[in-house]
Amino acid sequence: MLTIADVVARCPLFDGLPTRHRELIAGCARFARFDAGTAIFLEGQPADRFHVIREGRVTLEVFSPERGRIVVQTLGPGDPLGWSWLFPPYRWHLDAFAREPVAAISFDGACLRGTCHEDHELGHLLMERFGGLMLQRLQATRLQLLDVYAHGSR
Amino acid sequence: MHILTADRLDELIGALRRVGRVVGPVLREGAISYGEVESAADLPRGWTDRQEPGAYRLEWDSRDLYFGFTLGAQSWKPFLFPPRLRLWSARRSEDGSFATRDEADDAPAQVFLGVRPCDLAAIAVQDRVFLHGPHQDPEYRRRREHAFLVAVTCGQAATTCFCTSMGHGPRAERGFDIALTELRDERGHRFLVEAGTRRGDEVLSELCMEEATAPDGQDAGRVAAATAAQITRRMPADIAGVLRRGHAHPHWGEVASRCLACTNCTLVCPTCFCMAVEDTTDLDGTAHRDRRWDSCFTAGHSYIHGGSVHASTASRYRQWMTHKLSGWFDQFGTSGCVGCGRCITWCPAAIDITAEAAAIAGTAGGATC
Amino acid sequence: MAAADPGFLAPRPARVLGWRRETAESVTIALEPAGEPWLPGQFNMLYAFGAGEVPISISGDPGRPDRLVHTVRSVGMVSAALCRLRRGQWVGVRGPFGSAWPLPAARGRDVLVIAGGVGLAPLRPVVYELCCHRGDYGRVTLLYGARTPGDLLFRPELERWRRRIEVLVTVDRAAPGWTGDVGVVGSLLPRAGLDPAGAVAMVCGPEVMMRFALADLRRLGLPESATWISMERNMHCAVGLCGHCQLGPAFVCRDGPVFGAGAIGWALGVREV
């Protein structure tokens, strides 16, 4: 049976971090489960946690009055979920729903935020990691916007 | 090798006319062009040409030679690779099916009188394109098989010539049926005549000619050497390698500011082979497929759904020059350029391919930044 | 009509056996006679009488040589005419032309097929082959991305293939009722379990998509020598004589359309080539 510390140690998101930081992070983590169809977080809610998905798929959604729930991206095993906990106003920008039963590691973002204010090295490293993640997601989103499969003219 | 005095040129032309329709240099609309030659009187005797980037004019030449000019805008390309050709027609039958009918005419036997060595080399280059690949062009083959080539050594070079740096020279060494060198000095006005093939031998055997002497041979050599010495332009060495690496060179943008994308260069070039295939229908429901010359300088040349890959003039000029001087080696094992200089003469913006090559070769792309 | 010498660049007539609408823009047609034997990756020039000719990849099952199958997307006058063809009508065919996907080289190895949009059509013969001879290959995965769920091609086949190989599908934009993935096709790569030492990848789709897919594959350690893509350029003659399809010194109709990424990858990084 893997401990939280083992799972955190294997997370690519935290790969290469000094042991003491990994232990700090593991100290803020716990296993979490979400039933299919439940909301993991909703837009506007305080963003105090973030997750790394271990099993199952999660949909990132935007709700619009005319069109209802719109899925803008799906995430799956291995994907980190949520970075709004790192930046003011610390509120979620999207909805996240468990499309199917989801197992995840859930991190106490508020606690980690506090730790980062004191341990600037940890803060810097987490900013680097989440910055890289945001870069990847932004690039993928741009590709989605490009609508490359559509037939269009210059 | 034999000597034919100039006053007997009509005998040679008569023998050539028994081989096929003789096409040669004629004076037309202020330029030397190719048209039917029935006798020596049709040749532009006494005329020479002055060529510069973007300029061409004829002048009277006191040497009074039959072939005293260099070359005109037209190469022999239109006679082997016609600018327009109907490939096939088809009608639909009642059940909606159809069968195509070849529209190709019988290619007549042709004699090309007055092929410059650079144009001879160009024909050899086009032979590789149309006859030596996995697919061959039957239209080109038909015309090529029936073509009889009479080469003429250049007695003068234009300022736009650069054949010597492209591996050729003013005197043809191979690829002809008959080769002539025009001589005019104290020993008289005559032609040094040699056969390059058995067909050439057969035609020459109809004429009674004196054997050429050693001095005649030396005179011919001197004519060629004197012409070569007049050549001032040259293509940089290893331009193929330079261009293969030169996609990002800033000079392309500089050329583009002058290039009009008018396609003149591709029209006069003796090796350009791009062709457009066009499908049309008549009002009576007959479908046709035609082909015509095309040029990589047009917007439509690289069109795929949505837009053209070569949208900018810079990219088109780069495509033309890189293909001609570099890509051709990968495709056909030889350069696509023979140094005839027509693209320099006939460019309305006076763009000189040798100068552009030197500009790109002289500074490595991006070296300054 | 008297039989005549067909001449240069002349199509042979073929009759439409059947057709199926794939999406609002695409139709699959089956023709007979099937003509010369063909390899996955090759294409034919399809002629709509009087309208013109376009290059269309063969999208059929190599195990069913009795018919010639193409999937056509309506993007212009000729392709629109081809999409309007109905059973019993006639079309002109020239081909097959071009290079093939490296199925022999893939034997015994893991195969990753990455398709974007209508790019799945030139890869469908490969997928049929991989499913039919499943034991000849290692782990086989199809990653397929389309614009919206309505743009997915071959939906019945996708379900059938799931029984034999791994099929992961994603769309750029979801529609109501879509329960699959949303995101670019590259986002499916982590789930494909790519073993960079032993796998081969075959990629087909819009050039932008292939460019990014190749970058993703390189980042995951798959060498260019194990990656193949299919390119597209303006084609008139399809036999390397008209000059239009040149991509650098390569003729896409003859040296391609399937290229090793090592041979043609440079072109993806150069603008207007």
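The first chain written gets the first letter, and so on, giving A, B and C; residue counts start at 1 in each chain.
Keep in mind that, in the parts below, a contact is a pair of C-beta atoms (placed from the backbone, for glycine too) under 8 Å apart; a residue touches a chain by one contact, two chains touch by 3 or more.
Quick caveat: nothing in here was measured; it's all calculated off a predicted structure.
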Most remote chain, CA-based centroid, reference being chain C: B
Closest chain to global C-alpha mean, per-chain Cα centroids: C
Intercentroid distance (Cα basis), chain C paired with chain B, Å: 40
Separation of chain A from chain C, taking each centre as the mean of its C-alpha atoms, in whole Å: 36
Gap in Å, rounded to a whole number, between the CA centres of chain B and chain A: 67
Overlap residues in chain B, where contacts from two or more other chains coincide: 305-306, 311
Where chain C touches two or more other chains, by residue: 75
Per-residue multi-chain contacts in chain A, two or more chains: 151
Residues on chain C engaged by chain A in the complex (per definition of touch): 25, 73, 75, 116-118, 145-147, 151, 170, 172-174, 176, 178-184, 186-187, 190-191, 205-206, 208-209, 212
Interfacial residue positions of chain A with respect to chain C in the complex: 57, 59, 67-68, 70-74, 76-78, 99, 140, 143-144, 146-151
Chain C residues touching chain B - in the complex, by the definition given at the top: 1, 3-11, 13, 15, 47, 49-53, 75-76, 88-90, 92, 232-234, 236-237, 239-244, 246, 248-251, 254, 270-273
Chain B residues touching chain C - in the complex, by the definition given at the top: 87-88, 90-93, 95-104, 129-130, 133-135, 137-139, 247-248, 273-277, 279-281, 285, 287, 289, 291, 294, 296, 301-306, 309-312, 314-315, 318-319, 322-323, 326-331
